[in-house]
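Encoded as structure tokens, here's the structure I'll be asking about.
The first chain written gets the first letter, and so on, giving A, B, C, D, E and F; residue counts start at 1 in each chain.
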Amino acid sequence: MQDVLSLAAQNLLSPIVLFFVLGVGAALARSDLTIPEAVAKGISLYLLFAIGFKGGVAVSNNGIDLTLGMTLMAGVILSFVLPFIAFALLRWISQLSRTDAAAVAGHYGSISIVTFVAATSVLQSSGIVAEGYMVAVAAAMEAPAIFSALLLVSSGGKGRMDGALIREILLNGSIVLLVGSFFIGWITGAEGMAKIEALIVSPFQGVLCLFLLDMGLVAGRGLKQGRAVLRPGPLVFGMLMPVIGSCLGLAFALIIGLSLGGAVLLMVLAASASYIAVPAAMRVALPEANPSVYLTLSLGVTFPFNLTLGIPLYLAMASAVHGG
Amino acid sequence: MEKHDAKRVAIIIEAIMESRLRQALEGAGVTGFSVLPVLGGSGRSGSWSRDDTVSRGGGMVQVICIIRPEKLDRMLEAAFEVVDRHIGVVTISDCQVLRADRF
Amino acid sequence: MEKHDAKRVAIIIEAIMESRLRQALEGAGVTGFSVLPVLGGSGRSGSWSRDDTVSRGGGMVQVICIIRPEKLDRMLEAAFEVVDRHIGVVTISDCQVLRADRF
Amino acid sequence: MEKHDAKRVAIIIEAIMESRLRQALEGAGVTGFSVLPVLGGSGRSGSWSRDDTVSRGGGMVQVICIIRPEKLDRMLEAAFEVVDRHIGVVTISDCQVLRADRF
Amino acid sequence: MQDVLSLAAQNLLSPIVLFFVLGVGAALARSDLTIPEAVAKGISLYLLFAIGFKGGVAVSNNGIDLTLGMTLMAGVILSFVLPFIAFALLRWISQLSRTDAAAVAGHYGSISIVTFVAATSVLQSSGIVAEGYMVAVAAAMEAPAIFSALLLVSSGGKGRMDGALIREILLNGSIVLLVGSFFIGWITGAEGMAKIEALIVSPFQGVLCLFLLDMGLVAGRGLKQGRAVLRPGPLVFGMLMPVIGSCLGLAFALIIGLSLGGAVLLMVLAASASYIAVPAAMRVALPEANPSVYLTLSLGVTFPFNLTLGIPLYLAMASAVHGG
Amino acid sequence: MQDVLSLAAQNLLSPIVLFFVLGVGAALARSDLTIPEAVAKGISLYLLFAIGFKGGVAVSNNGIDLTLGMTLMAGVILSFVLPFIAFALLRWISQLSRTDAAAVAGHYGSISIVTFVAATSVLQSSGIVAEGYMVAVAAAMEAPAIFSALLLVSSGGKGRMDGALIREILLNGSIVLLVGSFFIGWITGAEGMAKIEALIVSPFQGVLCLFLLDMGLVAGRGLKQGRAVLRPGPLVFGMLMPVIGSCLGLAFALIIGLSLGGAVLLMVLAASASYIAVPAAMRVALPEANPSVYLTLSLGVTFPFNLTLGIPLYLAMASAVHGG
């Protein structure tokens, strides 16, 4: 317990969390600070490029084993199953309509890549190594939850899924860049890394600070717009659901036999909620659902929760039960 | 300078629906249109601004289409198909156009 | 397809005044409008281009508002209040709109 | 609120021709216009999108000009001179304008 | 004198000045070279982030003392007082109207952060250290001058100041990012620095070159548009006023007992003129003032003057009178 | 031959080529992956800034000799002459109209700076040094081909060239930045390099990967739009013409006595085709020519050909005949 708290305190005072807090504060104080859309998009491309490539190089260095396939499958199952749990929980503790609840649920099966990156940083500064292929697992977990969400409303005749949408979901830019960079990292290995290391390794933390500043600004502005959503039920959901997800993630990790680092990352993936891929898919397939509900919960509640308290908590949980 | 009567249809729609609208227009034989960026706005579904949208693809665009009057209805039906369940605004106004041979 | 008459008001104004205009519109009960970027232009106060403006916030935007004819005057008064001492252009034109229930 | 009749000319033209069009307009005594970005579109010469254009300067812009009716023809001639051999669309519509003293 | 000249010559041949000159030249020759708005905004966010953070880390390393409070106060006084001097000078040597003169005067009380950054570079290459909190002083000097400018016209019934404007001025994005990064640097100290150093320290000079290229392009284009403004009176003002400001800055620095580096930076702040925050405020509060007058003077005359001749001059002045 | 193949294989598996392939693949699969226009523009400014500056520093380090002037002249001659060869070849093996053929021909006299940069990387990883002034030669080769293209159609009364266009061509942003950075690098030399090295040297390869990803996306989308162009005649032209150009480039290099590296770069310049400066000029001066013809050939065929097979081939050719 002591440890969790000191870890959490240390995490709260890391530059990335502080820049996120700065962003939220600036937004709430109605400062006009903004990161231009193109710059924010550029930074997020950089982050995907860097973590994909690093993951691939790690796989190339350490080789792969059976756990890769199992972890990918675990990720897909988690992404597919979590929305059903989330939906049940939401219907129980909130007054959200079926449609809104299904849309929210879809977000919690999918993942937040920035939360994943932040967790990677925490692991790194704690000197914990994780399986390089976890970024591939992240990519694999983006989409299945969307299908679950649409299943959840299909009985009501809502939710339109067509070929174009499926292609859009599976080939969305983030997934393609992440997976593509992963394979290129894998193919080019240490030699490739030597060439582009100066761009993707050392400046990474600094760039992440800027990105979290932007996330803070966006989350803060979203909170102001969506404060109507923040009744007790949804609020509790937004902090309880990630913990539930992380427990399931931990269970899978133990079964598969992931390393401590890998276990934490799978927990974080299960715990985090999407705010890019799933909202876009929902706008197309389920336009009746209210975006401010799912965006406020995912980005305004769950993302900050994971970033500040969640990650240290999951690390503590995993450390407690993990063999070593 | 010779001018010809035409209709100007402006559709404000979510960016994510743009490709579907393009396809519907092309399907309806509408071969000319332009897409303009929208920075923000306000409507029944609240107010938004490009810099605040969480998923940065979350903004809207304006599709402008200059069209012969006789083609208007077919075009509106095709567009309506796409816009129907979604937020957005469709307006039609009169205009004149130079170089009508190009339409 | 059923169409309803409406007015289209387009206000070109300095970006720095956008938030004040938004507030004035909302104050006048205008709930629907969109903001479009402007890249450059020319007027009595000289010519400008977004890439040349020193303070990059120094550009202009175009606020477009589709409004029921009976609400026009109240809206124009509210907008005028903000635009008054500032550079900018306000135009009004006729248009038709689909899905008028949304206004 | 006093309103004055005016014409609204909208010219969609390749970005690379913008400076030439600006000069032609100024040469024809047109002192007021605004330039808006265009993200993409479709026409006889195929469809395009700003993100796909190879030479990134390859897009189009929309030049909007609010003008007194009596100046319209001179302006159209000047614009036509530039647009002539190039792709693009020129439309004219009626509008009303506040603060006409500014024109 | 010898020294000033050799310093000035050396400064004139530094990459940042040469890139500024390239930008001005390209603009005057009507090249279509431009830095996209989003990229320029991104670079300026980077610069604010970097110098704020570095300043905070410096304070965390060296601790603070009484001079911090005094220097902040001196900055505020300078920012508030300089516009009155500028106004008097302008009314004397130029034919500008009261309104235009007041608007210009407001710019000269406020500061140019890029001039500040350029001065920091010069100090660095001369091996002179300055108080880390000078960036906080820079932030404190942005706004007071705006109030002075509006006071100067208030008798004429012009100049509107309301709550919204005051909030906009005090919470403008640049100030929030600069001050926020400063505090985060202060809180996270050397440890935080170690994490993001690779982004904000080593590539800094190179990024600054690109930014000055953009400043040159913008200044050059502004000069072409605003050449009507450049009659002898305003022109002399644009080069005399910074020198007057720097003398006042030096006096305050000596009274407070700032280090040589700190004295130079306070001089530079006093000498430089705003071209972002103040113009924006003037457009809202004093739209009758002609922007091309104040922009041409601030960015087309005073900025290049400070960048090329001013900074070496102020360094020479401070070196001459400073104890050591 | 063995060597060429192993070199080509090695080149094909380099990160920059793989990221280009990723981009093409994503575009063909209709992924929505895109690099925002402003970011792509920013990256290309960075590349021009970096290679210009590095070239200038190299000249400052090694001094210049008579070959500089001769190579510049060779470049101008190549740029001027190649379009005539390209035109004749096109009229012979394709059904393109005179106008389209002339427009395409203009592109092949001019150059692709990214191909040049990619070749520089290959040389670097092979430990081959080239004359620093080759970037100036690249700049000099941009424009002459445009005049040739307009000459080729002038008999038909088409092609308008006026003063404004000439200025636009000679002072286009890329040339100004490249040449400006070259001179600043030359003036500030090793000292200047020390200041901005951390921005322009070590992260360069990584940034280049991102740029090639974007080039791949753009090329892939262009190929989809322009597939009608890809009949056998033009296709053969798009791969034969660069080889012809490279032979001419090699001949000039041998006559002048360039180093092995310099010879390869001159070959690459002669072999590559423009896709920025020339298309823009053609839209203004020869709007009747179909852009999808010249863009598809230049960017969809010749650029990938040079990037993957061309560069290793030219290196092998040069190595075979070059004294050492």
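Everything below uses one rule, namely that a residue touches a chain if its C-beta (ideal position, glycine included) is under 8 Å from a C-beta of that chain, and two chains touch if they have at least 3 such contacts.
Since we're looking at a predicted model, the values are computed, not measured.
A.B. asks: Which chains make contact with subunit D and with subunit E at once?
C.D. replies: The shared contacts of subunit D and subunit E, listed by label, come to C, F.
A.B. asks: Could you run down the chains that neighbour subunit A and subunit E together?
C.D. replies: Shared contacts of subunit A and subunit E: F.
A.B. asks: Enter the minimum step count from subunit D to subunit F; a value of 1 means the two chains touch.
C.D. replies: 1
A.B. asks: Of the pairs A-B and B-C, which shows more C-beta pairs in contact?
C.D. replies: If we tally the contacting C-beta pairs, B-C comes out ahead.
A.B. asks: Which chain maximises the distance between its CA centroid and that of subunit C?
C.D. replies: The most distant chain relative to subunit C turns out to be F.
A.B. asks: With chain centres taken as the means of their Cα atoms, state the distance from subunit A to subunit C in Å.
C.D. replies: About 39 Å separates the centre of subunit A from that of subunit C.
A.B. asks: Using the average of all C-alpha atoms in each chain as its centre, how far is it in Å between subunit C and subunit F?
C.D. replies: Whole-Å distance between the two chain centres: 45.
A.B. asks: At least two other chains touched by the same residue of subunit A: list those residues.
C.D. replies: In subunit A, 34-39, 41-42, 203 touch at least two other chains.
A.B. asks: Two or more other chains in contact with one residue: find those residues in subunit D.
C.D. replies: Within subunit D, the residues that touch at least two other chains are 36-37, 47, 93-94.
A.B. asks: Of all possible chain pairs, which ones touch?
C.D. replies: Once each pair is checked, the touching ones are A-B, A-E, A-F, B-C, B-D, C-D, C-E, D-F, E-F.
A.B. asks: Across the complex, what residues on subunit C touch subunit D?
C.D. replies: Touching subunit D from subunit C are residues 12, 36-44, 47, 49, 60, 62, 73, 76-77, 80, 89-94.
A.B. asks: Touching residues of subunit E toward subunit C in the complex: what are they?
C.D. replies: 34-37, 40-41, 164, 217-219, 221-222, 225, 275-277, 279-280, 283-284, 287-288, 291-292, 295, 299
A.B. asks: Please give the residue numbers of subunit F that touch subunit E in the complex, ascending.
C.D. replies: Against subunit E, the touching part of subunit F is residues 36-39, 41-42, 45-46, 49, 167-168, 171-173, 176-177, 180-181, 184, 187-188, 192, 195-200, 203.
A.B. asks: Name, in rising order, each residue of subunit A that touches subunit E in their complex.
C.D. replies: Per the stated touch rule, the residues are 13-15, 18-19, 22, 25-26, 29-39, 42, 125, 202-203, 205-207, 209-210, 213.
A.B. asks: Can you check the complex and tell me which residues of subunit D touch subunit C?
C.D. replies: 1, 3, 6, 8, 22, 25-26, 31-37, 61, 66, 93-99, 102
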